[in-house]
Amino acid sequence: SGAVAQEKVTVFAAASLKNALDAVNTACEADVGEQATVSYAASSALAKQIEEGAPADVFMSADLDWMKYLSDKNLIKADTETKLLGNSIVLVAPADSKIEAKIEKGFDLAGLLGDGRLAMANVDAVPAGKYGKASLESLGAWASVEGKVAQAENVRAALALVSTGEAPLGIVYKTDAAADPKVKVVGTFPEDTHPPIVYPVAQTADSKDDDTPAFLKCLQSAKAKELFEAQGFTVLAPVVSN
Amino acid sequence: MQWLLDLTPDEWNAVRLSIRVATVAMVFSLPPGILIALLLARGKFWGKSVLNGLVHLPLILPPVVTGYLLLITFGKRGPVGAFLDQYFGIVFSFRWTGAALACGVMAFPLMVRAIRLSVEAVDRRLEAAAGTLGANPLWVFGTITLPLILPGIIAGMILCFAKAMGEFGATITFVSNIPGETQTLPSAIYTFTQVPGGDEGALRLTIISIIIAMAALVASEVLARRVGKRLDVE
Amino acid sequence: MQWLLDLTPDEWNAVRLSIRVATVAMVFSLPPGILIALLLARGKFWGKSVLNGLVHLPLILPPVVTGYLLLITFGKRGPVGAFLDQYFGIVFSFRWTGAALACGVMAFPLMVRAIRLSVEAVDRRLEAAAGTLGANPLWVFGTITLPLILPGIIAGMILCFAKAMGEFGATITFVSNIPGETQTLPSAIYTFTQVPGGDEGALRLTIISIIIAMAALVASEVLARRVGKRLDVE
Amino acid sequence: MSLSVDIRHRLGAFSLDAVFETGGRLTALFGPSGSGKTSLVNLIGGLLRPDEGRIVAGGRVLVDTGTGVFVPKHKRRIGYVFQDARLFPHMTVGQNLRYGRFFTPASERYGDMDGVVELLGIGHLLDRKPGSLSGGEKQRVAIGRALLASPRLILMDEPLASLDEQRKAEILPYIERLRDETKIPIVYVSHSAAEVARLATDIAVLDNGRVAAAGPTSEILQRLDLLPAEERSEGGAVLEMRATGRDETFGMTTLASPAGEIHVAGLEATPGSTVRVRIRARDVIVATERPRGISALNILPGRIAGIASGNGHFADVTIDCNGEAVSARITRQSAEMLGLAPGLPVFAVVKSVTFDRANTAKTVPFAGDDRNARGRVE
Amino acid sequence: MSLSVDIRHRLGAFSLDAVFETGGRLTALFGPSGSGKTSLVNLIGGLLRPDEGRIVAGGRVLVDTGTGVFVPKHKRRIGYVFQDARLFPHMTVGQNLRYGRFFTPASERYGDMDGVVELLGIGHLLDRKPGSLSGGEKQRVAIGRALLASPRLILMDEPLASLDEQRKAEILPYIERLRDETKIPIVYVSHSAAEVARLATDIAVLDNGRVAAAGPTSEILQRLDLLPAEERSEGGAVLEMRATGRDETFGMTTLASPAGEIHVAGLEATPGSTVRVRIRARDVIVATERPRGISALNILPGRIAGIASGNGHFADVTIDCNGEAVSARITRQSAEMLGLAPGLPVFAVVKSVTFDRANTAKTVPFAGDDRNARGRVE
């Protein structure tokens, strides 16, 4: 069964894409001729695996850095790289929280936190954390909350800290917040306060599967757009019609 | 119950694969596990501390690091991986065999420790007695030492199996998370935890994983009791 | 060498914290570890299988799941966490104590197994002999059983320490990654592995982690040899 | 001090059903391998809990399944010398020896460490671990450990089995002194009839889990039929005699009883004291006329009371010496040749060197509860 | 078959320095506890590698530190009965018994399982695990296991220590037959002078790691001064006698030697065969005139050759019976009373029952290398 790469399109995708991509994958079966095999993991792990010769045809990263890591090493087909999806980050609180705030320059995040901690994904490594940190910096709030940040392994863990009430506030993707009834969105961080949140996609340099272009194309189809948006993503790439 | 078993084909694959991976990891790490446990318990050689350290390494390193080290060693382009591929046709990277390797490596310190403790508890005078009766060292090992360390072996095996059922950091880093090929139960659970609304799916797979491991655990206890009874002491 | 020790203050904190967390996890899980090992090795009670299963659970579950379970149990609003906070002022969430708890829980099955194997190897006739000499069961335990299971205890402790040096999945999920408070070495290493170009930093911290764990390992071997010598057998 | 045992206990296919009572100071358990001696001792020591029954030692109920009494072993204050030494492998010999002492209230301690260590010849071993001791060394340390726990009841399971005669000869008098000078009751398992005859005040003979016979040593040893065939040559008469005189030139002591006078070498007994003397049946020669010019010093006149010759080549002759019975085991041929028949006047000829140093009765008087008045050893 | 030992070995503070040679079939190692008997046996068995020295058994160099020879224990084909039984706890008694047999080439097997099992009385234990056996049962299984390995050299370390007399009496003849009918040399450690006297063709006396004396049994036992004080009563003369007749009525066998005739009960010896008879010094009565009308059947005339009375109350009298020496141990008082002096004609009176069944010499003829011509047992 070592011939995965020859039979099916193999996609290495950031774990946070699972729900949306599973749906799209099913919808695209007819167009591609088969369902793609999707391996979900952290973008970092996937990138390093591709570097070590993993049988991936498509790489979908949660941020631009790991895509760049591979393109710098000529491990992806540069002409196939597309900024596919976008997302936004929001400030969340437990559903029963009384906290209200308007996110704007100079807002008193530290005051809202009190003794509590601000749950974020890792601010150096995980995209959502990096975006959040950038936003807070540009809003002038970072310095006052830096010591109160609890950095989780990933966005989901950060969300769990808020939904269990451990942390009074957290910064997560809109897509995650929307689906969790135990948290409420306090506010959305303005897009211009952080680098664009982008999920890029590309075909790998080693990809030999003939169906790969069809799959990439389907990702940009109208029905895919619908499914991505249903999960709260914004679709950045223009729709390619058949 | 229906709810529990209402799995997608990929999830069924993950269940089957996990059992296979855990079993293979357990079985294949047993011989080297016994060997190294014997060496550590009884050997006197230069570099014993180094060997001991190496064995413990997977415990000390974050699983991601272990996985990464496996990836660059046993991967297609890694020195060992390339060698094995070329001369023996054995490929680990992105295969379930790689998952088994990762689980075996991660569980190895546990297995070695359990067996080693049993080896150290063996009354060597019994081995000497077997020697006087004509058994050469290999026979002594097979007929005396091995049966006497069975409790440790069983403990080591069940630890290995349980660990393999839960291991995911090294596995996903080494062989990724490819459904039907390298997606074990813990990887599948992890994937569920990474998306909104995945909790139910994660819970379901977790329960299945617990059931399998518990069955193995109970089997091991029964086996250990039977072995213990064979000793029939006061 | 200079390169190795050229750490940022946060990294130094992580080193110190890791040692502290591993030590505390090791020391505090020892008494319950011995107790439960004794129960499992010798007890005959209803629910023994359940206890055995519970002990193994952290091995079976993906660390993330264990971390999550800790979070909802020992967290601020978790039933146990709230109770401990209110009546004893013990808080785990976002504290290094929580990291120690997570490491202790993750290493618990290893510790219990090692001690249990030793307990099962104890010649109970020696305990009976001590009893005839006037030692009540507690004294028998302290003067006979405990010294005889020392090899298992040492093995359990070093396994716990090593595991705590490498544990990261449950820790970061439970108490997250707060520099100076809950950022242990593996968390710091993990962070490095998640950024492109972080390999060098990860390597440096990994080497430091290995050095610490190896020192502990060698110490444990020396200790075990000394204990073994105390038995002075043929 | 009395010991009363009435228990039933199953071990696999083996079932122990032992009933006996003894008021003696040292009760020997005697019987073939596998007859249940160790099991019985384990029951007395509290290492086994009987399926059913009752054990009372010195008025103290140790176990009674009827009333649910079971004194745990650490409260029984026993000194148990195990058949397999069971030394603590992680402690030095010295620590092993001191172990039981630690749990004894200082006021109840007796026996001194130095004395016991010297007696047992284990002074040079104190800092060693038991693992590398020789068989006999282990056994001696085990004896010391049990004795130094200052027990109120001593259980010894073949304590001297792996010791040479010299060592035994050194330790036996100590056990005799324990038996006679302190009031500590002793239960003593042994395969050696000589040892039992020398030490025991009472004997219980076990056979396949049942008590085949129990009673004072003199009674049991006189009944040769109770002993296994191979032990019978060790059987014989036990006479209570009084020391009447002492010849310092030759170191001989004269003992008298209604049966007559006998002369014993190397026995230290104050004149007037009572001494128990064992005359082994196999050491007695029967003569129809008083022998002259022979080295055997002891010639007791008597009359044949009975002849039993069930067993093959031998005849067991009982001689009534003025009211006391002396047994002789001779060949059937001799019995026939000499025309031995009940009523015939004969002489029992005994070499003096075959006497064992016997149980002297110069014990401290028994005084009520043994918890209050305890003799001291050393 | 000869055994030649010349080794030096240190164990902690103990040092063994043993040099002796024996051509006998059964060599007894005799000596006090801790004198190095087990260590010496371990060296012969290959469980210890000597610091220095050489051991040759039956022409085969087992170890020679000079030339670097060390035959590993599994190639020595020994049957070692350990002082501590060392049964395999995970195997049944039956599996323990068969263990060594499995490693013996079928052509070299001797002794049959059923016979040995019956002899040792362990038939009912075959399916049990050793853990719950009694002390004596363990010991018997250990003996069986060693014998059934069909060894070419048997090492027995106090094999009968924990057995009752009855069992011993059953097993001793078997060991005698092993010694006499097969050519397997036996090294036998024992504390019992009676056992040694009965079984040994040669004796090596160990004391504190040194060989104090070594030689044929008759020589060593006759030299009472070599024996520890407590063993001396077991010493005495060993006579080679020829069976000359048999009385079926009384089951008596007549044995003759230059010293005279003696009558033994219960000995099965074909007329004409040679029999070794031990006469314990303590069992001999010295008479200045021939006693009449006594039950003792054996009266050997002779002349006093010497009297030694160094030790306290006793005198050791050597009687020259027509060229053969018989020892008697009597009290000093008797010696004086009878006026014993060298040259005096006397009679040595011995009760027949005190004879042990002795070493019959009806062995298969020794024929060169013992590997080719091996007698069969059972």
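By written order: A, B, C, D and E. Residues from 1 in each chain.
The definition used in the following text is that a residue touches a chain if its C-beta (ideal position, glycine included) is under 8 Å from a C-beta of that chain, and two chains touch if they have at least 3 such contacts.
Treat the numbers as computed from the prediction; the structure is a model and nothing was measured.
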Most widely separated chain from subunit C, with each centre as the mean of CA atoms: E
Taking each chain's C-alpha mean as its centre, the one farthest from subunit D: A
Centroid spacing, where centroids are CA-atom means, of subunit B and subunit D in whole angstrom: 60
Rounded Å distance, subunit A centre to subunit C centre (Cα mean): 35
Subunit B and subunit C: spacing of chain centres that average the CA atoms, whole Å: 20
Distance from the mean Cα position of subunit B to that of subunit A, given in whole angstrom: 34
Of all residues in subunit C, the ones touching two or more other chains: 64, 68, 125, 169, 190, 193, 233-234
Junction residues of subunit D - those touching two or more other chains: 84, 128, 132
Residues of subunit A engaged with two or more neighbouring chains: none
Which pairs of chains touch, using the document's own definition: A-B, A-C, B-C, B-E, C-D, D-E
Complex contact set, residues of subunit B against subunit A: 64, 67-68, 71-72, 75-78, 91, 93-95, 172-173, 176-183, 187, 190-198
Contact footprint of subunit B on subunit C as seen in their complex: 49, 52-53, 56-65, 68, 109-110, 113-114, 116-118, 120-121, 124-125, 151-152, 155, 158-159, 162-163, 165-166, 168-169, 186, 189-190, 193, 202, 206, 209-210, 213-214, 217-218, 221, 228, 233-234
Of all residues in subunit D, those that touch subunit E in their complex: 11-13, 31-34, 37-38, 83-84, 124, 128, 132, 134-137, 139-140, 157-158, 161-169, 191, 193, 228-231, 233-234, 247, 249-252, 263, 265-266, 282-283, 285-289, 291-297, 312-314, 328-336, 338, 349, 351-354
For the subunit B and subunit E complex, residues of the former touching the latter: 125-126, 128-137, 139-140, 143-144, 147-148, 230-234
Contacting residues of subunit E [partner subunit B, same complex]: 45-47, 72-74, 76-80, 82, 84, 86, 88-90, 99-100, 102-104, 128-132, 145-146, 149
